[in-house]
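Heads up, the next two complexes both have chain A, just with different partners, chain B and then chain C.
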Partner chain A sequence: MSTASSRGWRTRALQDPAIGILVLLAVASTVIAFIEPTFATRGNVTNIINAMMTISFLAVGMTVVLIAGGLDLSVGSVMGLSAGVAANFLADGIPMPLAFLCALAVGTGLGLINGLLITKLGVPDFIATLAMLSLAGGALLYWTRGVPILGYMSEPYYYIGGLRRVVGPITIPMLLVVVIAVTVAIVLNLSKFGVKLYAVGSSSTGALHAGVRVDRIKIAAYAISGFMAAVAGIHLAGRTTTVPPSIGSGYEISAIAAAVIGGASLLGGKGRVVGALIGALTLTLTRNIINLTGVESSWQAVVIGLVLILAVLANQTWSDLARFVRPRPG
Partner chain B sequence: MTTNDGLSRRSLLRTAGLIGVGVGASSLVACTAESGGTPAAGAASGAVGAPDAADLDKAIKAAVKGKEIKVGFTPPVLSENFTQIENAAWRKMYEYEQRFGCSWVWERQAPVGDFNAVQGTLGIVQAWVSRKFDAIAVCTGANFATVQSLYKNAASKGVKIYQFNQPAELYPEDQLQTVTNVGYDNRWQSGYLAGKYIADKLGGQGNILQIWGPSGSDWTRGRRIGFDKALTEHPGIKVVGEADGGYVRDKGFTAAQDLLTKNNKVNAIYGENEEMALGASQAIDTAGLKHWDGKEGILTVGADGLVSGYKQIRAGKLSATVDIGGVDQGQNLIEAIFATAVLGQAVTQIINNPTQVVDKSNVDWHQAYTEWALAAPKKYGA
Partner chain C sequence: MSSRARVARVLGIDGVPILIAFVAVAVYFSLAVPSFFDADALRFYLNEEVPVFIITAGLAFVIIAGGIDLSVGAVLGLSAGTSLLASMNGFSTPLATLVGLGTGFAFGVINGFIIVKLRLNDFIVTLGSLNVAAGLLVVLTDHVQIVGTQDGSYLAIANTSVLGVTSAMLIAVATVAVLQLVLVKTILGRKVMATGLGQTPALIAGIDVGRVKYFAYILSGTLAGLGGVVLASRLNSVQPGLAGGYELAAIAAAVLGGVSLAGGRGGIWQAALGVLLLVTLKQGFRLMGVDPLVFSIITGLCILAGVILDRGVRRLALSLAAPAPAVTDNRELAPAMEAK
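The block that comes next holds the complex of A and B.
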């Protein structure tokens, strides 16, 4: 490797905001491992990875929307409704592939509706997805009459929920997250759609002038978010073995937080899949440490808030550092 | 103001009717036939044997004059627990409609979100007050002082407010602005019972994990007081870990997984509500640990008394739960509304209902009782 290319690699690594978070997580994990010996055990690491799956699915979808300059507040409710569809259909004896397809169709369809409301009717992202949050959540409440959906679990679903391991500590959701993350990363980095997505998020007017069909790109971004919410819902229904009517409540905040911690910008045009996963890991790790170290529950929300601020600061500090070391022209 | 802490005659009668299919109905009815209560309840007792039942029904019917009673019912969230309470209320409404000729208009609204979505509750109650409902039944996680102010305003406009399933015992009774509070004492009828059950089953020695609801919840506060009392009576029981499970299964599951990783010598897990306890039960399965079999394994105890929980007790996945008397709450709520808003009677400020630890030994009748309530006519709602 030449000196110039080596410097380029180092610069790119330094410019990656995810590195800042990873450094923070590494330091925090090392300290906690000394304080709490069970933290670094294989069992606990497996628990953490299993627990971060739901937020990971959502955060990947949210990152796509944020890159496009949007915001999807409906993912929690869409996830819940998709979980309800999958669980209810399975409980009614519908074959698993068909039940899952229906759940995915519901999630993707609601994402499409979000995109159409925003692009074709001019409803602001915040309002359109807030309305969808309420609609999808209300639909699940109405459908379930407030009673959890039960009796849909089968042996294969225990695997899909991550309650059974495939090989060693590996579960199906872990494999699925990897497959989805790699696929979405390839799409974002190597496809025309990815280039257009970043362009739309950076400047939709500029993208429009460059001949990008902005509306289509945004609609596709929301459809992907809805699809990912459905995947998360199918997984969560398997993990919890029941679908209570409030199953998705609050997950939208975790998804947004994970994406932003991972470097996605609320202003659009920035974001990476690996960052989303690191963001999901940060949130899950925080809660795990809180549980292991016995932080009094009144303080838990405070700790989580502080970690969020620290994570974003680490992200920014690393970006500033990267600018400082970046070779200047001439 | 007085408190009705005992096993109510009404609930005994209902229970008797249920158990009558199997054992002991006649003796229970005989034991309770001379108890006091509202005329409506008296008529109910007459229905199982008193000679003047028809006359009493007729007299009450004449007093009711076919009145329509408009009731608003707002739980903090829509859940299995509140669905059971609502269905039990419908049972009683249907019974009174048939017997006394009244009619009911029932509206249920819950705030969208979790237990903390209290602003939604306030808005719902204010809307019903302005629509001049006869009775509004509230259960909310909202601040005590805030809701008392709201209730006082409602009372000034002639709207009667009733609380159900609310930890009213944590606040000064003389500051309550409600007509009555139909519930149970979270300290001694839930937290204490669970703690004592665990201690008894473990023979006074063992390590336990606790999965609590969100910090600041009155239910959590009350149940913790009771559980702590049981712990002081059994110093051999050690709490080796606790976490916030947010009243939901997936958080309870994750929290229990984390705590079980840290503590490999755990004898029992207390989930402050049943969803969290069931999440803990899943964590036991996932960790490959053994559930309590009556002698060894990990005890898992929750609280609520849900049909889904009873099924898990039967399956050996949940050791026990505290039935917080949801069916009796629903029934007594309607009885209180009927007595006060229709007949103009006064009732006690606190109406506590019977609760009980349910395990394999008594799950049959608890489940049958709850399913009886859930089979209520659906003419008033979903």
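The block that comes next holds the complex of A and C.
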């Protein structure tokens, strides 16, 4: 009895790809902590957590889309446009809640449009969101005429951007990430919507036969991703205190990388919120270690590329291992 | 055969929608902007896009085989760097060309190995190698622009004038023609199509799916190397970030040309036509004096419109052909099934 349950626990842990990554991270962190004493200091740990917030928001949204079997390349530029909306409206003297609401509406709206293009017009997800990347990026560029947005910062916004701390090392973005992560995790694991989302991603034909309204689920997934991009944008505008037109470029790559490192699959039907956060941590930790150990910054992109491939390889090896270890049924 | 069925047949041919769109756009611009057909300007803009034509051909091959290669832009940039540096350091022109091609070939082999042998997701793997290649170019150039080689024969690769066009343009045309012939006329091409349509049926039919995909990635990498050599030869300078984002232009062009990202459908010349359409739009809007800041918005809208048009025409062809019950070709049925 006890053997069975402990084996069940062990198998479950082995099957969990997140454990593979975590083991990798723990080993890397321990080694670095010995080589580079500044790594394990409280200041640096706070730095790492602060830096991973933006990617965390995006990665959670990306994970939802990936679970549904989609892909969203537009998150970086939708985040940029939302940041632009928030900053510009604040600079024009519009009250903060209203400005934020508009930014959230823009992000969610663009996500909805992505979903409609993909489901109703049958545009491939890659192309629809690539076009949205151009559209949202172009809109911000045209709106700002290429000039960074300035002069919108206020005392509360420093808190929202995570530049001022609430209690101890805790900042508002940290609390927000926890709240959102828990909410989305509950929705994914315990709600009907969550079950349908995984079903649509695993097999959209199967889900259709089971009476799931596949289109609606997919549209909702893209809207959630757009909403999360807007949240990230509002936060990022506070963190950077200026909004240059190119603010969001390249973030889609980090978001996809984080989600996939965390175990989401581009084939759909797989992915977890915890995984997304672990993925965001992996990317941020890698950048931090590169900076600390004084590896020449030229190598940064090379290392990130290798980490991405290695992390996916580790995921796969771990689940292959689990299949090997798992006792045969019956 | 009724006229309806005849129209359906013509519309159903791969590449007809993009051809219609291209002709319409070209006619519109030549009416709206009298200087549109100025030979020198046309030559200049087409010459600029030669590297995109070359990688689009290779990328279309990979997509038709059911894969994706996001690394082509970055590998192109890196190959331009290695090749130009080789020439600057006294390598002979054939050797410098070989260095560039070899760089692309090596990335193709690595991509193919990881995707086929280690069975990792193609999107992620090539996203990783995109980062690696772009990073290596930064390391190679040490953050600054490198200029240039004194070797005239190296510069002649892209800049020789032949019959009123540049040698670079001839290389692009040759690449597209050869790949199209390989795809349509050879057994290998049939295998590529079959692999893209469905790996399991292809396997059952006795096709070594892994080898076909491996070949596609090596081809795409090597062509990125070729594009790099041509680019370096034309510019005689290389800087970090060179050719960044080319992969997105190439994918957009291929899809505009009717190449399905699901694999198994499309052709090389149609993808090249997609590049031509995007170039024409860019050049046309530039001549009309459209604000460069809205270019990216217009490009995004055009890609969407193109893809929706492609699907619309396909469905029209299908519905026109509907009375004849014998539509057994999978490739015609596929889009309608996807729409469900």
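Assume the second predicted complex is superposed on the first by the 327 of 330 C-alpha atoms of A that agree within 3 Å, B and C clash if a C-alpha of one lies under 4 Å from a C-alpha of the other, contacts with A are read in each partner's own complex, and residues count from 1 in each chain.
Please note the rule applied: contacts are C-beta pairs under 8 Å (C-beta built on N, C-alpha and C of every residue); 3 or more make two chains touch, one makes a residue touch a chain.
Fair warning: this is a prediction, and the values are worked out from it, not measured in the lab.
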Partners on chain A (chain B, chain C) - clash or fit: clash
Partner chain(s) touched by A:G146 [first = chain B, second = chain C, both, neither]: both
Partner chain in contact with A:G137 - chain B first, chain C second, else both or neither: both
Touched partner set for A:S191, first chain B, second chain C, both or neither: neither
Touching partner for A:S246 - first (chain B), second (chain C), both, neither: first
Which of chain B and chain C A:L313 touches, first, second, both or neither: second
Partner chain(s) touched by A:S298 [first = chain B, second = chain C, both, neither]: both
Which of chain B and chain C A:I127 touches, first, second, both or neither: second
Chain B versus chain C as contact partner of A:A257, first or second or both or neither: second
Overlap of chain C and chain B interfaces on chain A (superposed complexes): 134, 137-138, 141-142, 145-146, 296, 298, 300-301
Residue ranges of chain A touching chain B (in the complex, touch as defined): 36, 38, 41, 43-44, 47, 50-51, 54, 134, 137-138, 141-142, 144-148, 150, 163, 236, 239-242, 244-247, 249-250, 287-288, 290-292, 294, 296-298, 300-301
List of chain B residues in touch with chain A within their complex: 77-80, 82-83, 86, 110, 112-114, 212, 214-216, 241-244, 248-250, 253-255, 257-259, 261-262, 275, 278-279, 282, 285-287, 308, 311, 382
Contact footprint of chain A on chain C as seen in their complex: 114, 118-121, 123-125, 127-136, 138-139, 142-143, 248, 251-252, 255, 260-262, 291, 293-301, 303-304, 307-308, 311, 335, 338-340
Sites on chain A touched by chain C in the complex: 71, 117, 121-124, 126-128, 130-135, 137-139, 141-142, 145-146, 208, 253, 256-257, 260, 265-267, 296, 298-306, 308-309, 312-313, 316
